[in-house]
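Next up: the structures, one after another.
What follows is chain A paired twice: with chain B in the first complex and chain C in the second.
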Partner chain A sequence: MNMMTKNLVESGFDVQRIRDDFPILSQQIRGKPLVFLDSAASAQKPRPVIDAMVNAMETQYANVHRGLHWMSERTTDAYEGTRDAVARLINAPSRDEIVFTKNTTEAINLVAYSYGRGIMRPGQAVVISEMEHHANLVPWQMLRDACGIELRVAPVTDAGELDMVGLEALLVDRKVGLVAITHMSNVLGTVVPAVRVAALAHEYGAKVLFDGSQAVVHRAVDVQAIDADFYVFTGHKLYGPTGIGVLWARRELLEAMPPFMGGGDMIGTVTFERSTWAEVPHKFEAGTPAIIEAIGLKAAIEYVEAIGFDAITAHEGRLTDHALARLSAIPGLRVLGAAQDRGGVFSFTMQGAHAHDIATLLDRQGIAVRAGNHCAEPLSRRLGVDSSARASTGIYTTEAEIDVLADTLLRVREFFT
Partner chain B sequence: MPEAFVQPEDPSAAAAIAAIGEELDVFDDWMDRYQYIIELGRKLPSFPAEWQNDAHRVPGCQSQVWMEAVVRDGRMLLAGASDAAIVSGLVALLLRVYSGRPPAEVLATDPVFLRDLGLLEALSTNRGNGIAAMARRIRDVAQACTAAA
Partner chain C sequence: MFDDVRDLYSSEIRDHGRSPTHAKRPAGFDAAAKGDNPMCGDRVQVFVRRDGGRVAEAGFEARGCEITIASADLMCEAVSNQPIDRIRALSDQVAAMARTGHCDACDAALRRLHPLSAVHEYPSRVKCVTLPWHALLAALDGEKESTSE
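Right, the complex of A and B next:
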């Protein structure tokens, strides 16, 4: 046991014990131990999440908010319990401000529709940044084209950090109604200074939305400390199931915003002439929701809370330092971005080797990485790369796995030199 | 202009598939196998720069693949290229199987051989993969030829 591992064990963080909770990680791929470095795309699921979902289906399943019978009441309690868990996770002032969506993409589309079309007016503007995932870009383009709302793009520096001066320059005419920015880049790992961004947006009269898809996995998030107006994330990157995501927004915003979709469960009364809406958050949850997935998300939140974000951030910080040291020692390899505050996402290019080739060769050694533009095509263009390979870490990633990656990349390099 | 189309070296598509299988079998290790595949890509006839455009591009987000097809004397002749080395090698394998064959033979030759040889896991489902898309386009061209005939 080296010093680093020893310290982590003493602080209560035992990565081997955590790995034992993830059944999939013990698999062999093509005769090699699985080295899963694609958690930024979707994370693996621990046993408590799997068990919670199976258990719900086996013992207490019915539709929610509808039946007066035992099964429905039990299921409704479990489903609604997730709202409390999410509120605790991000320190939301009220559980009623937690809206369940399918994923981050749907949450942003909801805001673009209900806030963008419902509250903003033509001539106003939305600000995003150059390092947004397509999920936080395309909905705003659609809003722009449908409603005459301008879309402005804040620059990132060569180091891959949000250019705060450039951001402020876009806000000074006070036409901006909403700043929608990633809290942590899915390509560069850059952690955006959310408190400063929110303060700046508010200074110029704009609301602020953070795409927390990556950040919520790696850092303790406090929407009140940030002073955010909207915060969105997805369950499946947080070791939970697919099909469940979250929108948090201030109650007064949710109350002012018109519904996104119409249907059952989101109404007060319905006649052929008109309908009235349910109270928030139910106003935004039309139709039968992802019940089992919500129950799984609660188990995922409880799982990471039990480990604790202090331990998670410390573990991932050490992994990040180790990965950057190993990767930057490989000749011809360029790690994209060099932000001061960054998490476990490493996109890289290798001289003479296409990202697709790198990913294919790594896969043959049991190493899972992503190749392409990572759903952030404009950022690739800004960085001057066609495509890159991306390795990303989770709570279960070990330094030994980073070593396997780096050693294999050295071998891959021989192919192309 | 030098010939960009691949001339057949095996007597039939089926013979080409069998020969590729034997050649790949020589290697015990996938890293070595890929080294060989990359070599095949490097030996592809050069793909004219004026064809490297959207009209010749096969959709796929992980790497770029271009192809061109003509019919001469009842045989489909194919040219192709990619910006990625392994993908270029897979393009070379596809062209070795399909280029220079009558459209009917192209249609009769299922691209499933790529999966059988362990070269492509998800032939029809992975939309990011330009090779699967190229295999489909080759078949579409052959289909159009037989429909027109």
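Right, the complex of A and C next:
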């Protein structure tokens, strides 16, 4: 046992025990152990999440919020219990401020529609950054084109950090109604100084939204400490199922915003002449929700909480140091971004080898990475790369897996040179 | 290591992928179109010089993986001096070969392209083979852009 593993075991973090909770990790790919380094795209699921979803379907399933029977009441309790778990996870002041969506993309589209069209006015602006996922870019372009709201892009530095001076320059005319920024880049791993961004936005009268898709997996998030106005994330990157995401917003914002979609469950009363809306958060949850997926998300949250974010962040910090040391020692390999505060996401290019060819060769050795633009095409352009390969870690990733990646990349380099 | 990828990364594919001979604009080209694979960032621009109902010469410019570049280079070689109707049929046959690995009604032109059929074992890479063909057909149809999606 090396020192790192020893420290983690002593702090209650036993990566092998965690790996045992993820049935898929014992798979072999073409006769080789799976080395799953694509958790930033979607993470694997631990047994408690799988069991919670199966158990709900086998023992207590019905529609929520409408049945006057045992099954519906139990299912409603389980579904609504997830709201409490999410509120606890991100330290939201109230469970009623938690809105369930399909994923991060839908949560941002909800804000772009309900806040952008409902509250913002033509002539105002939205600020994003150069390192946004398309999910936090395209909805704002659509808002711009539909409603005459300007879209401004805050620069990132060559190190891949948010340029705070450049951000402030976009805010000084006080036309910005909303700053919508990633909390952690899905390409560079950069963790954005959310407290400073929120303070700056507020200083110039703007609200602030953080895309927490990556950050919520790797760091303890406290929306009150950040002083955020909106915070969004998705379940499937947090070891939960697909089909369930979260929008948190301050109650007064949710109350002022018009509904996003109309239908059942989001109404007060309905006549042919008019309808009234349910109270928040239900005003934003039209139709039968993702019940089983919400139950799975609660199990995922409880799973990471039981491990604890102190241990998760410490594990990831050691993995990150190790990965950067190993990758940067490979001749011709360029790791994109060099932020001071970064998490376990490593995008890289290799001289003489295209990212797709790298990914195919790694795949044949059982190593799963992503290749391409990572849904952040403008960032690739900003960095001057056509595409890159990306390795990303999860709570189950080991140093030994990073070594397998680095050793195999050395062979990939030989293959292509 | 990597012996099991030698089917796709054969010496022929690697030669065309690394040292393409048609990676240029033919003199006097009269049609061109871009092909984009938005998921990966690969981009190919194909240029053709026509002579009546035939493609007299084809060339390309690309940024992409070895498979895309090899496919573009082999395509330009295969379609030069071919009737446009034959090129359209060839495009369908290449797409089918890339998906299935089979070379039905395999004539000399298709046999030349046959090394690309290994891509059928790599479903996520089939688009790398077909992207240049999308761009070529777009150029012949008078369009400016195409996509592998």
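Assume the second predicted complex is superposed on the first by the 417 of 417 C-alpha atoms of A that agree within 3 Å, B and C clash if a C-alpha of one lies under 4 Å from a C-alpha of the other, contacts with A are read in each partner's own complex, and residues count from 1 in each chain.
The rule we apply is simple: a contact is a pair of C-beta atoms (placed from the backbone, for glycine too) under 8 Å apart; a residue touches a chain by one contact, two chains touch by 3 or more.
All of these numbers come straight from a predicted model, not from anything done at the bench.
*Asks:* When the two structures are laid over each other on chain A, do chain B and chain C clash or fit?
*Replies:* clash
*Asks:* First (chain B), second (chain C), both or neither: which does A:Ser380 touch?
*Replies:* second
*Asks:* Using the touch definition from the top, say if A:Asn109 reaches chain B (first), chain C (second), both or neither.
*Replies:* neither
*Asks:* Of the two partner chains, chain B (first) and chain C (second), which one does A:Gln44 touch, if any: first, second, both, or neither?
*Replies:* So A:Gln44 meets neither chain B nor chain C here.
*Asks:* Look at A:Thr182 in the shared chain and tell me whether it touches chain B only, chain C only, both, or neither; answer first, second, both or neither.
*Replies:* In the superposed model, A:Thr182 contacts neither chain B nor chain C.
*Asks:* Using the superposition on chain A described above, determine whether A:Asp357 touches chain B (first), chain C (second), both, or neither.
*Replies:* both
*Asks:* One more residue to check, A:Thr397. First (chain B), second (chain C), both or neither?
*Replies:* The answer is neither, since A:Thr397 touches no partner chain.
*Asks:* Between chain B and chain C, which residues of chain A are contacted by each of them?
*Replies:* Touching chain B in the first complex and chain C in the second, residues 30, 354-357, 360-361, 364-365, 371-373, 386-387, 411, 415 of chain A appear in both lists.
*Asks:* Please name which positions on chain A make contact with chain C in the complex.
*Replies:* 30, 354-357, 360-361, 364-365, 371-373, 377, 380, 386-387, 408, 411-412, 415
*Asks:* For the complex, which residues does chain A have touching chain B?
*Replies:* These residues of chain A touch chain B: 30, 353-357, 359-361, 364-365, 371-373, 386-387, 411, 415-416.
*Asks:* Which residues, counting only chain C, touch chain A once they are in their complex?
*Replies:* 1-2, 4-5, 8-9, 38-43, 63-67, 122, 125, 128
*Asks:* Which of the residues in chain B come into contact with chain A in the complex?
*Replies:* Chain B residues touching chain A: 30-31, 34-35, 38, 61-64, 83-87, 128.
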